[in-house]
Structures are given as structure tokens and as C-alpha cells.
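I'd like to ask some things about the structure below.
A, B, C and D label the chains in the order they appear, each numbered from 1.
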Amino acid sequence: MMQLIGATLSLVEPGVVEIKLPYRRDLTQQHGYLHAGVVTTIADTACGYAAYTLMPARSEVLSVEFKVNLLRPAKGDSLLARAEVIKAGKTLTVVRADVFALIENNRTLVATMQGTMICLAQ
Amino acid sequence: MMQLIGATLSLVEPGVVEIKLPYRRDLTQQHGYLHAGVVTTIADTACGYAAYTLMPARSEVLSVEFKVNLLRPAKGDSLLARAEVIKAGKTLTVVRADVFALIENNRTLVATMQGTMICLAQ
Amino acid sequence: MMQLIGATLSLVEPGVVEIKLPYRRDLTQQHGYLHAGVVTTIADTACGYAAYTLMPARSEVLSVEFKVNLLRPAKGDSLLARAEVIKAGKTLTVVRADVFALIENNRTLVATMQGTMICLAQ
Amino acid sequence: MMQLIGATLSLVEPGVVEIKLPYRRDLTQQHGYLHAGVVTTIADTACGYAAYTLMPARSEVLSVEFKVNLLRPAKGDSLLARAEVIKAGKTLTVVRADVFALIENNRTLVATMQGTMICLAQ
């Protein structure tokens, strides 16, 4: 799905992951803004990988739930989702992600996610 | 965005909207399940349109927030998101959507969304 | 806490629990409506017990997360929270609760919760 | 409700509000931890007042929805909820609250809320 929409990992650190997505017209909704589903896709993926950076080798990560507040229209040259782990647990990890719209050198917060990821041992 | 992922409106009634999405490999995540972002995209769109069916002509609808619980892996021949308005208001409308995976004639509930839509007068 | 606010279990079945709360002036917020925190307290407790009815003996239940939409002012002679399990899992159980305000024989939906409970083995 | 549970405003600044709640045994759930409903009550109230600090005179504030992740058992000498406005709008304001358990001089994050408040003009 990341390939389909053209999203790429731009930062991976323990407990922190960023994903970048250039604007494309086929990712928009009826007003020309990037679709809430696209915003959620990169936020959820960033949250999942941020949680995963703190999980043991050979485990797997799945999203349990997330909540997204859409704060402003998602328009710009690109989107950046930045996820940070709030609380890492053995089974459940709670993560927050902010999604910014980038226009030239300006960042605007367009959405924020709070979600739960689960660690599946293999 | 609906075109990009191949989703189509399959039912529109006052306060109820369904969206269908055939399985495609380029919509999956790392385990081969349909990505949570795709599940959310069709659920959010169904919620938005379900709210919109009850809004006055010439208004517009935007998503304020939503919360998704991912209940089971989203695998199947197709997904069906069914949204129903819980409470329509002048400004805010609360909507719920269930997302089912369809395999032959079986429906399995894979996710459920509870969200808020806003009516913008033009 | 249930004692402090005067809430009582009024129905317990496998996967379904109801909690009733008579109106009291010391449970209100600034407009005289029952406080969102009170609405949440009985909804969360109903969700926890509904999940618990499907868990093995000697396990314990804790709330992982919940989301509440407040639909209408919570005013009436009493509140009724009705929780139903949507998906029971070995570790996580997803539950929904509707909270109704009762005035004489009328029920009005005032809030709805979607949440996740965890089963802790003892 | 704030009186009933013994909560007090401890900080009010533009866009930021803190509420403090001393531990009391009648505010607990079955394991002796402070009830998720109590945690939510002070977080929601802090969010509402934080939003209210940025609203015009003679307006009123109501909670639209909130989502709470319960991160750790809420035990300690007292709880502190700190709410900060993320995005203030004319109609809707999005607020986040962290709830900490205080034991002597240590703060532990026990819950986090993300919610939406609405401004009602009078």
C-alpha cells in the first residue's frame, strides 16, 4: 500500500518513525485535499513501525485501534507523518502520530492520531 | 482516492451508505492483509456520504474525527463498508461503519468505525 | 466508584451488561446535565463487565482504551448504559456501549462508547 | 461532579488547564486503582476548560467526543490532569490531556486523552 500511494520511510529511530508522502492528485477527495484515508494510512504505518522498533526480534506488529482528529485541510506539496511511542508494553504499545502538510518550508499540523499496536510473538 | 483503490458505492439510502472494494495485492500490508489505511479509507468515505445524505442541498461534508477498531485480519475476495448515521445534527453528525470481509457467501466483521462529520454550509 | 455515584448492575448476560444510574444533582456539570465523566464511568464499567462475562474464571479485566461520542445532553430521571461485546478474543475484547437517558417511559440515546478490554490471566 | 470527587483546578492559562485530584478509596475500581471513569472525568473537565480559555466571552463549551488510552494502573497519592489545546477553531477545538499519578515527587503518565470540544454561542 505504501508503494501504491508513493509513501517512503524518511526516519527510523528507536520509538520514532517518520513517513513522507508527496502530493498526488489521485490521492485526493472531493475538495482536492488529500483523503483522510491517505492521512490515516501513513499515520498508522508510522505508528506501527515506531512500535515495532521497540519490539523483540522475530515478533510482528498489528494495529489494534486508532483515533484520528482531522484538524485542517490536508493540502501541500507533501505530507509528513511523525509517530512517537508514548508507552511501550510487552503486549500493547501506545503511539501518537502527528501529520504535517509541507508547503515550501512551512509545516502545518493537519491531523493527529492516538493508537494501540499489539506485539505478536512468532 | 476511491478510483485509485478501486472502491465503488454499492448502496445509497437516507442515512445509510455502502462501499465495496475488491481485493488487490497492491492494497495490502506486510502480512498480505488489506492495509488498515484502506479499511479506514472506505469506512470514512461511507461515513461521510451517509452523513451527507441527510444534509441540506449545497452543503459540504468533512470528517472531523474517527476511531477504528481492527477486529480481525482483513482478508477476502472483497471488503464491504456499511455506514449508518447514529445522530444527525445541524452541524455535527455521528456515524458508525462496519467493515466486512467477504469470502464467497460469508461475511466477517473485520473493523468498526465511530466518527463525527461536519456540515459546512456553502 | 459505582457506590459513590449510586450506579447498579441491572442486567448481566453472556456478553451483555446493563448499568443503571438515578439522576443526582451532585453528578452534574455546569449546565445541570450529567457530567460526561459520569456517563463514561457507567459505560466503561458496563463494557468491562460485558467483556468479563466471556472471560475464563480467575482472569481479570482492565480497560485498554475507549472512545465516547456525546450525542445529546444527558438529562433525565436516570441513565442506562447497555454494553455488548462485538468481538471477544483471548487477549483483547472489543465492546460497544450505548447510554440512554430515561424520562418516564422514553429512552433517548445520549452517548455511545467503543472500547477495548484486556483479559489478564491470574 | 468536581466537588463530589474532590477535584480542584490547579492551573489556568490560555489554552492550558490542570486539575488535581487527591486519592480517595471511594473513587477506585475492583483492583483498588482509581476508576477509569474518574481519570476520564478530570481529563475531560481539564480539556473543556482549556478549550474554554480560548473561546469568546458569553460562549459555552460542551464535549463532543474524546478517546482515552489507559496506560498504567492509576494509583498514587493524587492524580494530575493537564490539558493543552492542539487546535482552537471557531466552532470546534481539539484538546489533548495527559493524566499523571503522583507519588511523593514522582510523576507517572497513567492515561492520555484526545478530544473535541464545541463552542456554543449564547
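By our rule, a residue touches a chain if its C-beta (ideal position, glycine included) is under 8 Å from a C-beta of that chain, and two chains touch if they have at least 3 such contacts.
The shown structure was predicted, so the numbers you read here are calculated from the model rather than taken from an experiment.
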{"item": "Classification of the chain A:chain B interface as same or different, half of numbers criterion", "value": "same"}
{"item": "Repeated interface matching C-D, over half of the contact pairs identical, chosen among A-B, B-D or B-C", "value": "A-B"}
{"item": "Higher-contact pair (C-beta pairs counted), A-D versus A-C", "value": "A-D"}
{"item": "Centroid spacing, where centroids are CA-atom means, of chain A and chain D in whole angstrom", "value": "26"}
{"item": "Between chain A and chain B, centroid-to-centroid distance (C-alpha), Å", "value": "19"}
{"item": "Approximate Å spacing (C-alpha centroids) for the pair chain A, chain C", "value": "31"}
{"item": "Two or more partner chains touched - positions in chain C", "value": "64-65, 67, 69, 116"}
{"item": "Chain A residues touching chain C - in the complex, by the definition given at the top", "value": "64-65, 67, 91-92, 116, 118"}
{"item": "Touching residues on chain C, where the partner in the complex is chain D", "value": "1, 3-5, 26-29, 31, 35-38, 40-42, 44-45, 60, 62-70"}
{"item": "Residues of chain D that touch chain A when the two form their complex", "value": "67, 69, 71-72, 86-87, 94, 96, 109, 112, 114, 116"}
